[in-house]
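Two complexes come next, and they have one chain in common, subunit A, joined by subunit B in the first and subunit C in the second.
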Partner chain A sequence: MPDRVSRLPSTPTDLLRFRWPIFIALCCLIPFVVSDVWVQMLVFVGLFVILGLGLNVVVGFAGLLDLGYVAFFAAGAYTMGLLTSPGSPIDAHLSFWLILPLGILIASLVGLLLGLPVLPLRGDYLAIVTLGFGEIIRLFLINRDDLTRGSQGLSAIPRPELFGYEIDSFTRWYYFIIAAAVAVAFCTARLRDSRIGRAWEAIREDEDVAAAMGVNTTKYKLLAFATGAAIGGLGGVIYASFIGFISPAAFSLQVSIDVLAIVIIGGMGSTPGVIVGSLILIGVPRILQFRETSDLLANFGWLRDALNALLGAIDAVLPGSIGRLPAAETWGARLADDTRFIIFGALLVLVMVLRPSGLWPSSRRRLEFAHDEPPAPVNAP
Partner chain B sequence: MHPALTLSVSFWSDQFVNGLTTGSIYALIALGYTMVYGVLKMINFAHGEVFMLGSFAGYGALVVMGGNDLSGPVIALAILGAIIVAMAASVSASVVIERLAYRPLRNAPRLAPLISAIGVSIFLQYLVLEQTSARAKFYPDIFPRGSLSAGPFEITYIQLFLIASSVAMMALLYAIIQRTRLGRAIRAVAENPTNASLMGVDVNRTIVVVFILGAAMAGVAGVLYGLFFQTIRGSMGFIPGIKAFTAAVLGGIGSIPGAMAGGYVLGLAETVGRELLNELPGVSLGNQWRDVIAFTLLVTILIFRPTGIFAQRSTTRA
Partner chain C sequence: MPLLEVRDLRAGYGAIIAVKGISLDVNEGEIVTLIGSNGAGKSTTLRAISGVIRPRGGQVTFAGQRIDRLQPHAIVRLGLSHVPEGRGIFHSLSVYENLLMGAYTRDDAIQADLERVYHLFPRLKERLDQPGGTLSGGEQQMLAIGRALMARPRLLLLDEPSMGLSPVLVETIFETIQAIRREGATVLLVEQNALMALEIADRAYVIESGEITLSGTGPALSRDDAVRRAYLGEA
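Presenting the complex of A and B:
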């Protein structure tokens, strides 16, 4: 009998089984229907999907809060930059395809380098050490200007070639990024469902218990760092080649915040969560910068005027307490910098308080956040 | 034989005084980290921003009171006023943060309050950056110039004021913790919240008090920082925040005297320590390597002595 059930024609479950191929196929059709700015925006979203998937391994799978993820991204990008930029003292004219594995290797070595000393540290200590580590890498890139050309940066980084085609248009980059993101998503999903993934999960839930059950916590924590770092390095190599120019300014703490916000707001440990998170946190601010969007927003000038009148009333009572809304044309630009992070910060708190499993949680994570922990003593009357 | 130090005695005593000055600020901020860690076992990532808000509030108060036009004995009153305003601002911010972002997460998994704290930190930092268009503000340059000297040591009035007032604040805090009923409640909750509540301590209220005391110290530190360095900006809380945390870890997190001592050790390590390293052959570390020294120290301490350099008890292993 069960045999016949399994041969029944297409059920919703069958569709569900093919949800990823269908999703990828749909993604591949996008460049045929939208303009180049949209494709460019999606390349950035894709890049952050890759970074998000990488940090997801560290934060989501293994529960190690890493606030210096940008360090690995920088390691990959500077491997590419230093070995290919004409401005670099060690320019070797290497091909992208040679540097890709090299960048991944170097980034994972940086990951191990960071991982080794912080191994015995608890979550919150780990967070602050990795935060400092990310800053050290940036200070290093600025101050060792004999090697990295400091804040001048490295330019004219070449693009990859594939089967005789140079990847030069946004559309080609888009397919390239999709291929890379799919590869990364596949690898991380396989890792998650493997023995390694279960070990990570055990460590995330309770490191002491995991160790007591025979999980080699040292090995698996290092592996998590190295895997996350490798993916960050991959993202860095691709980024350097895509932009063609890198400088320490591109590797600030803000990148770490971006990626962390993607993972947490999307849903820790969840691949669809990372995609949704990247679309919202990276895609939307860029969309708001588009001309089409500001033209659209200009139609709602009356709404802005009304809100400004209200803000003016508050300002009259408490002088200097509050600003005015900007004109529609500048919204996007403002959202692209500081304002975006105000919203990210508020979202991180809101998600933690209201929906700790994120917007699109992984099924396991959902269970974890739902189950009742024994009441902590601090909440006693 | 070790070669004699190349620089003059007055150079080293200057570095020493500078170290004490920045150390005072680190120590004041570190108290907030260490006390919150003591009762909640959590790093209050937003504490650097509480310090920043205090600094901005003090700046606002000074400007309202006349800014650069202040002169004569009124300056003392104005600075006192600025300190009170800064403390009030930091304390109210901290109480709101505790209520909205931390208290709902008391029973949540360990990572949740930490992420929430990071969210608050990012939110406040960029909110102020946005409101100030990311420009720096400059504290009114009203503090009397001049200096005292004793032997090889020369100390400017502002440095003296900074060190003396931080020591006074710390002494006050220490007295509150050791001598009052409130302090006893705080120590009891830090020791064991369940038992404290069984003994009739209102744990939630005590936690709020801890946030208030820590924020008050950060508010004072904010004004002192502004008066001394003059330039303040929305992102100013980040580096002193991490360094103060380093100081708290140095002294053994959870320990109040430890945080004070840790602040001074770190301040001296950054100034005197860096110059001593520069005495080694082939080493030349500019001022920009200061932060690297602090972070390296943090990592080293966490690995080799996670209970801090002065710790006797090993209850809070990292």
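Presenting the complex of A and C:
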């Protein structure tokens, strides 16, 4: 059946042939030109690329709105923490490379644990239950302190060794995380273009019709949860080892929301979208915190003065309604601390208004949004 | 023995019982139509037969096998395809991929079936790479039927194929349904367009408020006074 294969849109081999190798090679050069804080920032971006790609399978491919994705991230991280932290009651001194598959397995089991009870749920109801599930896992980690050491957390989690080198510097972590993200991106792209991917796409569009086509919706929905969870678990294992310390506070609802925002802002179902989304949602807030950024912003005193004049004018009409921007020399630092979330939130709203399909939508989704506008002529013979 | 045997089927949604114990038979090679007004339970009957909703009671036997407790994907594998109301085209999948979805349960060669669908609906062949959502209403209906045929069904359930189409297109669709029957498939057709449905049907059932009130051959029902008054728009 050569026909069947040749017509699939952008097969992974096509994609990987030129665009991706160039992009990956460019990424590998970055540590040679930027300072350590930038590399550290990019490690976090890479970690969230992995998480975003995982959630993309659940939300972007299968259309299952999961607001508790942090649970799988936590499952991976605590697998690593519990089995390697000297403070853990079940420390087993296992190697990172042994825990990696174990963490992925445990996370995907947690995924099935969530998936089974929510199978009949759709849309908003699914979102609410998964939201609760994420919180349950976090509360479990806090309250079962005999096992997890509760809020004290688990520290001194060891780092992986590869070919005799300990992955200890930011640069080494950076390459490590690129390798992991590429592997995950490759796997999810292959899944998307497979028979499984088409079943997910059908379920996302219309679950009843998918079932009427002969798709075993139960099986494929569970598979989507388990696959997404496995990737979340992988991210968790890497995160625990990179940070070296985990506590329940790191696995709050905010993580689920960040990852979901990455997927939506970037463009659901799209791999480049996840990368762009992570850079914006994870990278930009960190860049705003850099000393260099503060120093840079401090140069724009004239902009501050202009804004202050404007605010003063508003104040004259509506006395006391609005404050003034802080002094020029502290503006950058203050901006980074106080107002960055406001600016950031406004930017996100703007992105969604201007580009509802995301910054870099998948080719499928681009068509879907594009063709929503001109109504198809009815009854053209 | 009929190909499809429905006995005392009950189905509904939540507290609403839309189908209150109906029985009907479809014999191999027949076109059978189920006519009735809006909300009479036509679509619910089809959905319960194909397993998209779980029947509340009664028995459904297809080709000698009980199917009323089976999952929809298992029912498709037995050779029963359902073209849902509103066509259910996957908008973001291309026309070709929609056809592939129809063959989801198959693991043998499907090229011959693709050719057959192209032959029935030449327009689809011209639009293979177009997303399903960009087709016109009539083309979407053709795609929905073509997609269902890709599973090589013994029995095809068609839910309101004429809905929202111009009279010319309705004519085309009904001709296709007859062509499909000539090629060996059996058809259970649900329609509000009773006139057209009775014209091509061997036998027909009239459903009212979830119950079968009349049945007979197509021509006999189209002569029936009650049917003429209620569904054929005659005073």
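By our rule, the second predicted complex is superposed on the first by the 302 of 381 C-alpha atoms of A that agree within 3 Å, B and C clash if a C-alpha of one lies under 4 Å from a C-alpha of the other, contacts with A are read in each partner's own complex, and residues count from 1 in each chain.
Please note the rule applied: contacts are C-beta pairs under 8 Å (C-beta built on N, C-alpha and C of every residue); 3 or more make two chains touch, one makes a residue touch a chain.
Please read all numbers here as calculations on a predicted model, not as lab measurements.
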| item | value |
| --- | --- |
| Contacts of A:L296 with subunit B and subunit C, given as first, second, both or neither | neither |
| A:A183 touches, of subunit B and subunit C: first, second, both or neither? | neither |
| First (subunit B), second (subunit C), both or neither touched by A:I22 | neither |
| First (subunit B), second (subunit C), both or neither touched by A:I314 | neither |
| Per-residue touch tally on subunit A - higher for subunit B or for subunit C | B |
| Partner chain in contact with A:F133 - subunit B first, subunit C second, else both or neither | first |
| Contacts of A:A212 with subunit B and subunit C, given as first, second, both or neither | second |
| First (subunit B), second (subunit C), both or neither touched by A:A92 | neither |
| Touching both subunit B and subunit C, residues of subunit A | 368, 376-381 |
| Interface residues, subunit A side, partner subunit C - complex | 1, 3-4, 7, 9, 195, 198-199, 201-202, 205-206, 208-218, 364-365, 367-368, 371, 376-381 |
| Subunit A-facing residues of subunit B, complex | 39-40, 42-43, 45, 100-101, 104-116, 118-127, 129-131, 134, 192-194, 197-198, 202-204, 207, 238, 242, 245, 249, 286, 288-289, 291-292, 294-296, 298-299, 302-303, 306, 318 |
| Footprint of subunit A on subunit C - complex, ascending | 47, 50-52, 71-73, 76-77, 81-82, 84, 88, 90-94, 96-97, 100-102, 104-105, 109-111, 114, 128-129, 131, 133-139, 147, 151, 164-166, 168-169, 172 |
| List of subunit A residues in touch with subunit B within their complex | 59, 63, 65, 67, 117-118, 120-125, 127-129, 131-133, 135-136, 139-140, 142-143, 253, 257, 260, 264, 323, 338-339, 341-342, 344-350, 352-353, 356, 368-369, 373, 375-381 |
